[in-house]
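Heads up, the next two complexes both have subunit A, just with different partners, subunit B and then subunit C.
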Partner chain A sequence: MVYGKNQWKAWLYLSPALILLAVFTVWPIFNTLRMAFLENYGLMSANGGATFSFGIGNFLKVLQYKKFLNCLGNTMLLTVLTVPISTILALLIAVCLNSIKFLNRFLQTVYFLPYVTNSIAIGMVFAAMFNIVGNITSADLSETGNIIVTSGIINNIIEFFGGQPISWINAKSSYAANIAVMVIYIVWNALPFKILVLLGGLQSVNKQYYDAARVDGTSRARIFTRITVPLLSPMIAYVVITGFIGGFKEYSSVVGVFGVNMGPVGDAGRLNTMVGFIYDALENDNQGRASAAALILFVIIFAVTMLNLYVSKKKVKY
Partner chain B sequence: MDNKIMTQKDLTEVKRLQLAKKIISKFLVYAFLIIIAIAVLFPFYWMLNSSLKDRAEYELSIPTFFPRNPMFSNYVDAIKAANLGRLFINTMIVGISSTLLSLVVTVLTAFALARLEFKGKNIVFGGMLATMMIPGELFTITNYITVNDFGWINTYKVLIIPFLVSVFYIYLLRQNFLQIPDELYLAAKVDGTSDLKYLWRVMIPLSLPTLISITILKMMGAWNSYVWPRLVANDNMHKLITNGLRSTNLVYSDGTTNFPVQMAAVALVSIPLFLVFIFLRKYIMKGVSRSGIKG
Partner chain C sequence: MKVVLQNLTKKFPNRNKKVKDEVVAVDKFTYEIPDGKLIGLLGPSGCGKSTTLFMISGLEKPTDGKIFFGEDDVTELAPENRGVGLVFQNYALYPHMTVKQNILFPLENLKGNDKLTKNEMLKRAVDAAHLVQLDELLDRKPSELSGGQQQRVAIARALVKMPRVLLLDEPLSNLDARLRLQTREEIRRIQRETNITTIFVTHDQEEAMSISDEIVVMKAGVIQQTGAPQAVYDSPVNLFVAKFLGTPPINVFKGQIKEGKLYVGEDAVFSVDEADREVYVGIRPEGFIPAQEGVLHCELNGVEVMGRDVSVVTKNAACENPVVRSIVSAESVFPAAGVVSFNLKSNKVFVFDASNEERIFCELK
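Presenting the complex of A and B:
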């Protein structure tokens, strides 16, 4: 390889990016590792001249925290529920969309709309939709939490179809109802990207496979499972992996619906997530614990991604 | 004619069945797609519908699907109560300056990595790509300490500089630059054109679609960013719009949430994004399908 005479020029062009990356990306990796292994490290006390002994106390404390286990449970539950639902739904939508001509572009645009929204702002809209509106006092809620006075559009729709209204996100609402709201919102939010990727994949599939199948008289269901899904498997693997990574980093959609309290009134933190736990620790001047939690999050994401890659290596056909 | 159909009666019957099957499946496909479309659009409709109601109408036990007496004053109230004007200015300052700076840094880095030869190039590029695997929260903890030490809390700097460099955008643009034939560069060198002039006259125009995608995603990122701004910039002069929207309590005098005004504020925050999307749909969808990054 012959290098140009002006090698310094290349480094000059690289320097802004390299300096910024060194300060705000490379240094944080080392420093976060360091803080995670310093017992009870806090910024205030560090600035005050305190010294910290080396150890794994932060990790042990984090893993023993009920709060952390709650955050971990919420995050896992939301991820495990939303990734399959949104992937299957997106696959169905993409296949249907690919089979029609009339309204195709219009529907594509409509389905993409949730992507260009602010997840906090639209979370507030979902909160308004699931909310019980009106002057509800605790007297209106019976012992079991059934609503006597009700409104709110989602409950109206449920009542219209003959169902019982539910307290979705208000005080005394059940955990299952809270999770249901979050799953609906996260799936709504996650669909556009998945549809876009899967539809792109479908459009690049060679039509000959389908023609051959049609000649052979293959049924639609069989075409779907034997041709479409295998041919799309790289894209499916891609949206599943990015879905898992995004799911484990879930935070702002919960803030959107439930506010910074991360739970219904009277039960703050009930729906807190891993990322939320990290920020709480940071704001409580507990950088050591925040770092330990962030490393645990990183290890989980890394392990799940590797597992996904391993599975998809076996299952992805092309 | 009639005769022929009679003789091929069975065949016609089969064809009719096939046609009926086709029509039914088309109908089901459209029904499914339209139901999904309604589910996707409903929150936006409900946001606009609610934002134009007065309190009495909003709290009706049977809701109205179109405001009886549109209260456009809710929007004025929202701008005043949530201080949206100031939040908008702050967000535009941060969005525009971070986008411009980020473009300059990205173009220079991608150019060096795509076109120039120097020792250690592969190590630099590989190292950059490796950082993409690490979740951002890991950086945030230390960066919070760093900006504290720099005394940057509640400044524009803290919102612009720490997350200025995106390895993903560098990667995207480098791939684009690599597609421009080497001959163009060598010809320019023979003519005595400087690197920067070549970059400006040839490479940037040729990779304009990628640069536009980066610009839009970066601007949307500033508009939607919440976590970092909430951590480091909470005074009125620097608060960004999403943080401002979530942290402002829009309540009636009796303490209950004023949903119509809140929905008006949400609509005002959402509408600029829709306008950008309508006009630049192609670039956004292209950029997103390659990145998978939200904001």
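Presenting the complex of A and C:
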């Protein structure tokens, strides 16, 4: 309780956070709203003294834009594929990590490493692993699409087992192959955080539940499905919700693997995402369209999160 | 099902890794628990009583020794194959399941020939719930139950698979005083009705004495004394057992045996036929008889009225306890202050050798 004389002190102590929030969060949000509803708003022309009329043209344009629908599709597909896969994998890894005594600390560190590694750097490593390197001239590719030299480790492994090398990310690669690479990359990148949260949850579960289950002769599978998963359900809900939010904001992963072209050579933009679309609009001095797309993204994320919360309220048991 | 423990020993590695010595939690525990009896494992915290219980359940592996259920050697058996029901100190009820699901859980684990149909399971669960008087609460979650109700769910869950042995770890320690009284009667009743051999762990001597057929008093992993509660109370074998049993606790005095007399401080209280030595004299609170010409003299501190009895609080220089507490009938009359004298009941006075605190069994005259 702060009364009269001392109230200015409270505001003083709050001011650093308030000022930062106002400058970097509140004002940009407000500005985004403003720009989204000004027809064809562009920063350069605005600086040049142009005026814009109020309207919803930006939204209509964005939604009619084929590129935008493509970005939306890519983002949705990646999110829907990677969130369940990474959550299930993280759950299994966390349970395994929790049950081993030997090297436990060391392995926790190993599994956490991707989290502290730059995602562009990881992307470049993935690109190298899936890449095809060699003296491939563009002429060769456009004529035959044949792979002449492979040196990516993934193709090496495939060849070692007698398979045909696949063009994962190079020119003429298929969309399915591109998505497969992205899914592997995003899952791998998303695992550490999820493992960390779930492992923390597991370690806070009272050991006596497991003792009680053992005395009652519960099989390992049943302990997992009937005890571990329900007791972890709040944490699982948390990683799923944050996973969906992160998934809809996917961008740097695609840049890491494919570069700013957001697609294999010869098909730029094929794997572009919502955030990528926003960046592109900004680069083309179309802040109005970018703002509209950002708001659409916000609405989608908001709706999905609400849906998640609704489902988890029914499923999270305690 | 009788339970036989032979030389049961549990050693834990020392927490401080530089110290090579292992911590001996339970040391050569040998005891036979008769079929269908309720046994209280009693001792101060850290005396190894819970470890003993967990070894019987199979959750802890003994370092040495054997465990038999009836004639079966179960020492190497996994917990699920022993047929034990275990009630944990904090109940360990699954928070996401209802009471019914909690009680059903052990039954759903049964495999092979033991597998039950849905209806059989439900019937057994309802029966178990009825036994612990939870019929109305089957659809509640544990968080919606009181401590005593949770306790009863835990007991029902342990009983529903019809265990050969029921184990209870500090079953009453999380309950308030009134519920504790009620629940211990409940445990007694359930045990009588099911006739399952039951072992329960407690540090509360009153609890153990009130419901056990036999008690096992432990200290630092070693059995001190076993027997019927009253027998142990009436004839403790050493100072530890004497001090541990009884509320209010026994009054311990420094004393000596000199020339055939037992002295408490300066007062000669009894004649004994023992060699001269330093001793501890333990006198139960109910062993005091106020008397004008009594043999033991104490400084009166106050009188606490408890209704039927009064508790006389006095001081005595030789007493190890802060005050001497005696319980006498309410009709006795005391002065407001000054010296009061007591005669002593010889069967309530125990003499212990001061060097090793073992009882000196001798006739007090």
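Definition applied: the second predicted complex is superposed on the first by the 303 of 318 C-alpha atoms of A that agree within 3 Å, B and C clash if a C-alpha of one lies under 4 Å from a C-alpha of the other, contacts with A are read in each partner's own complex, and residues count from 1 in each chain.
The rule is short, and it goes like this: a contact is a pair of C-beta atoms (placed from the backbone, for glycine too) under 8 Å apart; a residue touches a chain by one contact, two chains touch by 3 or more.
Not measured: the values here are computed from a predicted model.
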Thinking of the overlay built on chain A, is A:Ala303 touched by subunit B (first), by subunit C (second), by both, or by neither? neither
Go through the superposed model and pick first if A:Thr218 touches only subunit B, second if only subunit C, both, or neither. second
In the superposed arrangement, which partner chain does A:Leu69 touch: subunit B (first), subunit C (second), both, or neither? neither
Subunit B or subunit C: which reaches more residues on subunit A? B
Considering only touches as defined above, state whether A:Lys249 meets subunit B (first), subunit C (second), both or neither. first
Identify the partner contact of A:Tyr209: answer first if only subunit B is touched, second if only subunit C is, both if each is, neither if none is. second
Of the two partner chains, subunit B (first) and subunit C (second), which one does A:Arg226 touch, if any: first, second, both, or neither? second
Is A:Tyr111 touching the first partner subunit B, the second partner subunit C, both, or neither of them? first
With both complexes overlaid on chain A, does A:Ile56 touch subunit B (first), subunit C (second), both or neither? neither
Contacts from subunit A onto subunit C in the complex sit at residues 206, 208-209, 211-219, 222, 226-227, 230-231, 233, 317-318
Of subunit A, residues touching subunit B in the complex: 1-4, 7, 9-11, 13-14, 16-18, 20-21, 23-29, 31-32, 35, 43, 89, 92-93, 96-97, 99-100, 103, 107, 109-122, 124-126, 128-129, 131, 133-135, 149-151, 153, 156, 188, 191, 193, 196-197, 200, 220, 238, 242, 245-246, 249, 251-252, 255-256, 259-260, 275, 278-279, 282-283, 287, 290-291, 294-295, 297-298, 301-302
In their shared complex, subunit A is touched by residues of subunit B numbered 25-26, 29-30, 32-33, 36-37, 39-41, 43-44, 46-47, 50, 58-63, 104-106, 108-109, 111-113, 116-119, 121, 124, 128, 131, 133-146, 148, 161-165, 167, 170, 195, 220, 223-224, 226-227, 231, 242, 245-247, 256, 259, 262-263, 266, 269-270, 273-274, 276-277, 281, 284-285, 288-289, 292, 294
The subunit C residues in contact with subunit A across the complex are 57-59, 78-81, 84-86, 88, 90, 92, 94-97, 105-106, 108-111, 141, 143, 157, 161
